[in-house]
Each structure stands twice: as C-alpha cells, then as structure tokens.
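Contents: one structure, followed by commentary.
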Amino acid sequence: MAAAQPGLPAGAAVVRRLARGCWSAFWDYETPKVIVVRNRRLGFVHRMVQLLILLYFVWYVFIVQKSYQDSETGPESSIITKVKGITISEHKVWDVEEYVKPPEGGSVVSIITRMEVTPSQTLGTCPESIRVHSSTCHSDDDCIAGQLDMQGNGIRTGHCVPYYHGDSKTCEVSAWCPVEDGTTENQFLGKMAPNFTILIKNNIHYPKFKFSKGNIASQKNLKHCTFDQDSDPYCPIFKLGFIVEQAGENFTELAHKGGVIGVIINWDCDLDLSESECNPKYSFRRLDPKYDPASSGYNFRFAKYYKINSTTTTRTLIKAYGIRIDVIVHGQAGKFSLIPTIINLATALTSIGVGSFLCDWILLTFMNKNKLYSHKKFDKDSTFTDPKGLAQL
Amino acid sequence: MAAAQPGLPAGAAVVRRLARGCWSAFWDYETPKVIVVRNRRLGFVHRMVQLLILLYFVWYVFIVQKSYQDSETGPESSIITKVKGITISEHKVWDVEEYVKPPEGGSVVSIITRMEVTPSQTLGTCPESIRVHSSTCHSDDDCIAGQLDMQGNGIRTGHCVPYYHGDSKTCEVSAWCPVEDGTTENQFLGKMAPNFTILIKNNIHYPKFKFSKGNIASQKNLKHCTFDQDSDPYCPIFKLGFIVEQAGENFTELAHKGGVIGVIINWDCDLDLSESECNPKYSFRRLDPKYDPASSGYNFRFAKYYKINSTTTTRTLIKAYGIRIDVIVHGQAGKFSLIPTIINLATALTSIGVGSFLCDWILLTFMNKNKLYSHKKFDKDSTFTDPKGLAQL
Amino acid sequence: MAAAQPGLPAGAAVVRRLARGCWSAFWDYETPKVIVVRNRRLGFVHRMVQLLILLYFVWYVFIVQKSYQDSETGPESSIITKVKGITISEHKVWDVEEYVKPPEGGSVVSIITRMEVTPSQTLGTCPESIRVHSSTCHSDDDCIAGQLDMQGNGIRTGHCVPYYHGDSKTCEVSAWCPVEDGTTENQFLGKMAPNFTILIKNNIHYPKFKFSKGNIASQKNLKHCTFDQDSDPYCPIFKLGFIVEQAGENFTELAHKGGVIGVIINWDCDLDLSESECNPKYSFRRLDPKYDPASSGYNFRFAKYYKINSTTTTRTLIKAYGIRIDVIVHGQAGKFSLIPTIINLATALTSIGVGSFLCDWILLTFMNKNKLYSHKKFDKDSTFTDPKGLAQL
C-alpha cells in the first residue's frame, strides 16, 4: 500500500497529461486536405453534374412533390345528405319519404327508381316460385315435406300444386304467400328521377394541423344555386341526372337495373397557402361491377307490415332497384415541417456529393494526365507496405 | 491466326497482371488526408455547431417526434352504440325505439328531439303547401294541370282551391294529403333528452402491429359508472347533455333545430411502451355548418304506414329534428423500426458533417491566418495548369 | 470627384481581377487528398463492413421493405352486401326481409338470430318491469307520481299494482303497455342461420395510382361457387357459419347472445407487378368485447306499428339479438417512385461511408504502425499553433 502511494501521483500525472492532451485535441479543428485541379473541362463536368442534381431537388423534390411538408391523409369527415324531388309512376305520386332509404341522410343513400311490389302477403301455403331450383314438380312425390331450400321462399309441405299462371306445377311451400313473382307488379319511378336534387353537406377536419373546413360557403344562399366545379364549388346541390352522366352511365339503364355511384370529394390542401386555396374537388364513378351478368345492379328488399284484424298480419314486400349514392371523402393536407425538410436537404447535399464520385472517376480514368493526378491524390508511400522501411524514418 | 497465338499469351499476361493489380488495389484502404488546425476559437465554433445539430436530432427528431418509429394511422375500428332513456312530450311517453334512428346502433345514430307530425295522410287531392314556390293562385288559370314542381308535394290538377287555414288559395295537387304544414302538430321530446345515456363500445386494431384494444375495461361493471376523461376513460357511457355541452352548444337550441355532433375517439399509441399506456381520448365537436341560415340544422322525414281497410293505405309522416351523433375514430400507432431509425441517423450524421462546411468557410474567410491555411489545405500545384511542366517531373 | 475618377478604373480593375479569379476558381475541380494504406487486414475489414451495409440495404431495405416504392394506404372502398336464406322457428318461416337489418345492404349488416317479441303494446298504464331499479313496491307510498326513471319504461302514476306474474307488486307506469318482459315470447331463428349466405361485393380504388379493382372476377358465374381463400378468392359468397367458425366463435352461443364479427378484406398490392398479383385477402375476427359480463353481446330494439282502429295505435316491440357483420376494408399499394428511392439510396451511400469511420478508428488505435499512419494522415504542422512561426515561412 505504501509503495503504491508514491506510484499513484506518478500515474495520476500521466493520466492528467493524457486527459489534457485529449481535451486539447478535442478542440482541434480538422479539415481534409484538398487537391485543386485546374482543368476547365473537368470543372465544367463537375459543376454541371452538381447543377443537374440541384435542379432535380429544387424543382422536382421541393416544388413538385412538396417534400418540405409534413402530410396527413384521410381527414375526419362528416356527411349529411338530403334528397329532394317528387316523381310519378302510372298510378301514383312518390315523395322523398317513399323512395329514399335510409331516411336519416348519411353518407350512403339509396334512391329507389323501380319497384317490384308483391302486395298482401300473409303467412300461409302457396306454390313455390318457378325460379327456385328444382321447384317444378309433377306429383306430390317430387316434393319432400319439411325440405328447406336456402334459395327458396319457405318450407315444403309435400304437395305439388298448380302455379299462379301457366300450366306448370310447383311444390307447395309454407311461406309468406303469394311468393314474389306470383302476383308482382312493376312500378317505375325513374321518370322524374334525373331531376331529383341531392344536397351533400361535408365537413372535414385534419387533426394533425387542427384545420377544419366545410363544402358550403357561409354566406351562400343555397336555394338558387346549381353545382359547377369550375364556377361554384361551394354549392353542393347535385341533380341525380348530372351525377349519373358524370359517372359515364346511361340513366334509364341504371334506373332499371340499379347501381352504385360514388361521389368522391377530394380535399387536397396546401396549408402553407391561405385557407381559400383549400377547396373540395368532386368526381363521380360507378362503383359496382358493371359488366358482371350474374351480379350486376343494385337492389334490396323491404316490407311494410299491416294488421288487417287482431290476429292476421299482412305485408307488402318490395324489391327495390335503385341508385345508391356513396359519398366518399379523401384528401391530403400538407404543411411545412422541419423534419422532412431536413431529411430531404441532407439527402440533396449527399446526392450533390455523389457528383464528386463521378468526377474522381473521370479524373483518374479518362484525363491524359491521370497518372500524375493519381500520384498527387493518392499518397502511396512505399514504406506503408514495408514495415522494415518504417524504421528508417 | 498463327501470329495471334504467340500474342495471346503475352496479352493474357498483361490482363493477368492488371487483374492482380486491381485485386490488390481493391483491398487497399484509403483514408483522406487531414489538416489539424490548432485554433481554439475555430475548434470551439466547430464543436458548438456539431453540438447544436446533435441536440436538435436527439431532442426534437428522436424524442419529440419519435422518428425512430414506424407508424400506422387509421386503425380498423368497430363501433356499437346503445342509447337509453325515456322522455315525455305533452301527451305521451317516448321510448328508445321511437326516438332513435336507425335502431341498429352503428357509428352514426340520430336521437330525435322534435317532431312535426302529419297524421292520416292518404293519396288524394288537396291544396299545395303555401311554402312551395308559385303555389298561390287566384283562379284555375294560375294552375297548370300535370305540372310537377320538384320542390312541391305532388302533381297539379289544374284547380285553385282554398288553403287549409287563412284566406289564401293554392293550386290543388294530387299527393299524400293533407300535405305537410297543413295539419302538422309539433311534439318536443327534448325535455328529458339531456339525461339520455349513450354507451359507445369501440374496438380498434392496428393490422401492421397486430395490436387490438377496446374502450371498455374487461372487469368493469358498466352499470354504475359515468364518463370522466381524467379519472375513468374506460367507462364510455355519456350523457347526451354532457356531449352537447362539451361541444360548446346550447342544448335547447340544438334540440329545436337539430344538429350533428361528432364524438371523436383518438387512439394515439406508443407501442414501445406497455399496453396500458395506449388509452382512448375523447373529444366533442359540432360537425354541421352552424352559422349557415339556409341549411343549418339536421332533420329528416320518415313515415309509418297503416292500412285502414283492405284498399286504403294511410301514413303518418314525421319530420324529425334531432341530434345526430357521429362517432369518428382515428389514431396513430408507432413502434420502433430499423428503417426510419437508420434513415434519420444517416441524416443526422450528414447534418453534423454540414457543420464542417461552416467552419471551413470561417477558416478561409475570417481567420487572419487564412492565406496560410488555404495554402495548406489546397494543394494547388502550378504544374497542374501547365501540361508542359508535367514533362519536367 | 476628379480624384475619384482615376481611382475608379483602378478599383474596377481590382474588382475585375478578383471576379476573374473567382470565376476561374469556380471551375476548378477539388478532390480530397487520400492516403492509401496497403494493409490487407484493414482493407478486408473495410470491405466487409461495406459489404454488410450494402447487403442490409439491398436485401432488407430494398427487397423486403420495398423502400423504393411510394405507398398509399386506405383505399376508397365501396361495399354491397346481400344475404340469402330462409329459416324457421317453432311457428313460422322467416325470410331475409324479416331478419336482415338494415335492408339496404351496406358495409354493416345485422342478421337477427333471436327475438324477444312483445306483441300488442298500446299506450296506457301497467306495472313497471321488475328489472328496473327500485320498481318493486308494497303500497302506493313507495311510488312517486310523475317520477321518470331513465332506465325504466315510463312515467310513474303513483300506484302500486300487482306484477304480470308471481306475487310481487311494482309501481304502475304510463307507458307502452304491457312493458317488455311482461308478456314477452322468445323466438329462435338461429337453426338454419349457419347456412345463410352473404355475398360481399367490394370495389377499391387507389386514387394516387389510379388503380381500381373489385373482388368479383368478371366472367365468374357466382351462382355455383363457394368461397375458399386458396382456390377461389374471387368468389365472395360466405356461409354465415363459415364466418363465425373462422372468427373462432361458437355459433349457438353467438346466435343466442349476439355479437359483432368483422370481415376484414385486405388489399396489399405491389403495383409494379401485374394486376393479377393484387388480390383480396379475407380474415375474420370478433369485434365486440367478448368476455365482458355486463355489456357483451349485441342486440337492438325495433317495432312494427299498426293501427287497429282510427284512434288506437298498437305496436309489436322486438328486442333482436343477432350477428352483426362489419365489412372492413384496408390495404396498402406500392409503386416505384423516384423520391423514396433516392432518399434510401443516399442513406445507403452515407451509411456505407460510416464504415470508413470504423476503419479509421481501427487504423489509428489498434494497428502497430498507427503512430506513423497518424503522422501521415494528420498534417499537424506546429507552425499552426504558433502565429510567430508563420512569419518565418
């Protein structure tokens, strides 16, 4: 222990000297040694390569792609729709309550354009629809009592009975009778439908940028405006005929078979600019598979239930073909942000440095003085390869 | 050909020698030559610039912005809502089935707070509503038979008939009669509505991170809890009055005119932490344009259909004003990932290198020894500009 | 002024000379001076480090993570669903119109599997449900007239009356009478429900890449196909039983208590490949909190309203338990894009440069010739630290 004591100050002194050396070295400034090559052609190539890279970054990355912005996609969105208009079929007048489903006015709304109505159905027994697979029969033996066809209308009673019309016979079923297609009547509501108007109120919010905007101008009188993308994007009242036409569809055909049309509202906003530059853009597209023979079109069934006396319930079954409007909102907002700017700037600088690689390669390969440059650039002392030679220094 | 044969081994030898040279050069290690400048001031500036850049990256980019994480926005989300409560108007009691539409309890639910009821409408003829444009008339000449006003209630018969009340006359229409506003009675359901409770079950899933969570704690007894963001975020039972108040709206006014309130559930999750740190945050915001005189408020129409005898159908038309609750879910999850970490680290290193540019510029411009440094840094041999001088070497 | 005139050309000459110097310097090519170290071990380490970094980038960043692609998440999506099938309870046959709510066939559809039916409710007075908190009573004193329990069925009249069944008494309420649970009958529709089929038509669109695709093959005959992820992903007809089984649930239990099952359609598309490589993937997951005793299951109430005479309205209240199918679409599309490619390439190059740091450190620390290397690498002229020494040069 005693021997260590005098050694300690000596060791401490060494450590202290080392630390002081390191500390002093820490504050040294190091800069790479550079060879200046006075060659106009090479300099020109070098600067041109740098210019090209710089132009690419300034023009494409920063101006076109706006890489200096932080972005957010998929805004929060709320949609209120309201359909207006009346139409007539042969016998009666139809108002909004009857042809718009569901009535609440959300982002998906169906406008019924054709109905196949089966009135006065009651629970009972009747012939199965001829359209159901293996429903035709010749005698009761063809019908198994208790059988339930998933594509059919009811449970079979085991009897074979004459069909509603024609000479054929089908199995009797216990179901809501008469079955659809037995006594169904057609009602076409599409005559005035192209003139129906749809008001689409949309409000979006980009939570990252705390930015909200709606598609209705606050001082606008909505009563007397019509939508026009170019002249008046803040009047979101669309004629149904306009929507179908913009989607490139034939109205009569669509009204007959039904279909789904998407109204796509696109909010692409550069929030570095003023709020008035952030405007909705509308586009229209058919969304259901059009050319599919088996499954094209859009229809659904609903019923109205009535009680004719205290025990018997009757219903009117409606197979409704219609135009479903799906309002889809998407968008992207961008705003200046440090992180992407710095990442892209650093990438730009690094890429400009890449130009030097190219020039070094030209310098060492193609220039007729390259041996000399090589000699100047590369300090290739032979002593490095010869450990014995080191001793002579 | 014969002459080529002896030449081939000679050429091969050259190629072999070249290849061996390249191969040997490939394993050479190259490192730039560096000048050490023993200048404390410059060294200090250099280190400070580097420190600032380092601090920016460590603190802002990595700690605040969590750039080392891979992120995913827009979780898959499923919402079940359930409204509870009863209310009374002058004459009757209303339960959930009557004032909540649609009943299925999805992410959008309307709570009816006021109704304009037009009972006992049947298909027939009656005076058009006085609110419809150009419906007032003095004689039958003012009414064109067969005319269909899109904003009206039916097809005109060509007669001018006395209005339901008052002295005015309007054109007769074939429609659901009497038309709305003829014999409409008002029913205000909003008296008890602030006490209605809404249970919002929400379940989210981030597919990229295979992370799921719900907004109900598994052992929670939901019967006796009330929502409080700070003390109990896992009790998603909200009073309607609380939601409206949080959105900054006046309940009575909202209940009268209707409106859309968004309940925004935000799941911002740092999945590097424990699951219990990933909690939902609720916010409330009015979503429909409030200050818009023409289109503010929220209402929709629906009807109940009755059969009074085998041929006549009657309906009760209801114009319902209500508070629509849109539950909107958004969120962002982040988890450590190699790629963004490496991109940001590389950017950080590159940026620290940028500090050297600054110092080089100071070195060569402001320091009084700059001529000398310049001489040292730049190996500007005159022979490079003089091709003839090369020969002398 | 006169003295300035001759000075001006002189100054101009200086400026001109300076400008010419700068201009000439601008076209100079600068390249760092490099020391070549002929050390196989160090060279090997250097190249290996570079190789590792290169491999990481080529394999992981570019091939596995596809960082050369621009990506878009959250496609625009449109969904049409259609349920088919019939089922029977003890007394009657149920068809789609009766057990599917809402009928329109959107992305959320409820298939009712059990009903608690309370028929023939009319507005009147009757005993409150025994399940309601503090509804039991012994005398009229226990019931406060005019009290409205938010969890109850109506407004109390102040009377204490015998319950529907059993010996207990509850407070009388003015409500839709009889209240639920008084005369409710159960109807289980779930017997055939596993055989119901659900057709899910889905169409997606990535607006950034202008790419659309649907989940139905155009020439497909949908009548005779069944869904199978591996053999036939373009036949989106699912049996309800299959969906429930895939979600890992017990059908009978689920049909009894109700629940929400998510059908998640995932469109992960590499748009650099052909369109046929972009296929939907289906997965199934239970979405409501399963193990929650208080709030598990899924049910909702709806009613059918009847008029039995011109003044009295009666309704059938139905508490419906069912399986709600939420179709959730998500996906990510990627396509080659210059910006992410360049950012990742620049990062790769920078990272390869990082290998040199490591080798420099090895060179200067571990190699036995490091003093010499250090001497060669660092041009540490003592004159730099001694301003007076500068004068001697």
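Should a chain be cited, it is by its letter among A, B and C, assigned in written order, with residues numbered from 1 in that chain.
The criterion applied here is as follows: a residue touches a chain if its C-beta (ideal position, glycine included) is under 8 Å from a C-beta of that chain, and two chains touch if they have at least 3 such contacts.
By chain, UniProt protein names: A, B, C = P2X purinoceptor.
Nothing here was measured: the structure is a model prediction, and the numbers come from that model.
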Task: Shared interface numbering between subunit C (P2X purinoceptor) and subunit B (P2X purinoceptor) [over half = same, under half = different] - done: different
Open item on the list: Fitting on CA atoms only, what is the rotation between the copies subunit A (P2X purinoceptor) and subunit C (P2X purinoceptor)? Please report it in degrees, nearest 5.
Closed with: 120
- [ ] Between subunit B (P2X purinoceptor) and subunit C (P2X purinoceptor), tell me the centre distance in angstrom, where each centre is the average of that chain's C-alpha atoms.
- [x] 13
TODO: For subunit A (P2X purinoceptor), jot down the residues that touch at least 2 other chains.
DONE: 30, 32-39, 73-74, 102, 306-307, 343, 346-347, 350, 376, 378-379
TODO: Would you tell me which residues of subunit A (P2X purinoceptor) are touching subunit B (P2X purinoceptor) in their complex?
DONE: 26-39, 72-74, 76-78, 80, 82, 84-86, 88, 92-93, 95-98, 102-106, 192, 195-197, 199, 201, 203, 205, 207, 214, 216, 218, 220-223, 304, 306-308, 314, 338-339, 342-343, 346-347, 349-350, 369, 372-373, 376, 378-379
Task: subunit A (P2X purinoceptor) residues within the subunit C (P2X purinoceptor) interface of the complex - done: 30, 32-40, 42-44, 46-47, 60-61, 65, 67, 73-74, 101-102, 108, 110, 123, 148-155, 174-176, 260, 262, 264, 266, 285, 287-289, 291-292, 294-295, 298, 300-303, 305-307, 310, 317, 324, 326, 328, 330, 343-344, 346-347, 350-351, 354, 356, 359-360, 363, 376-381, 383-385, 387, 390, 393
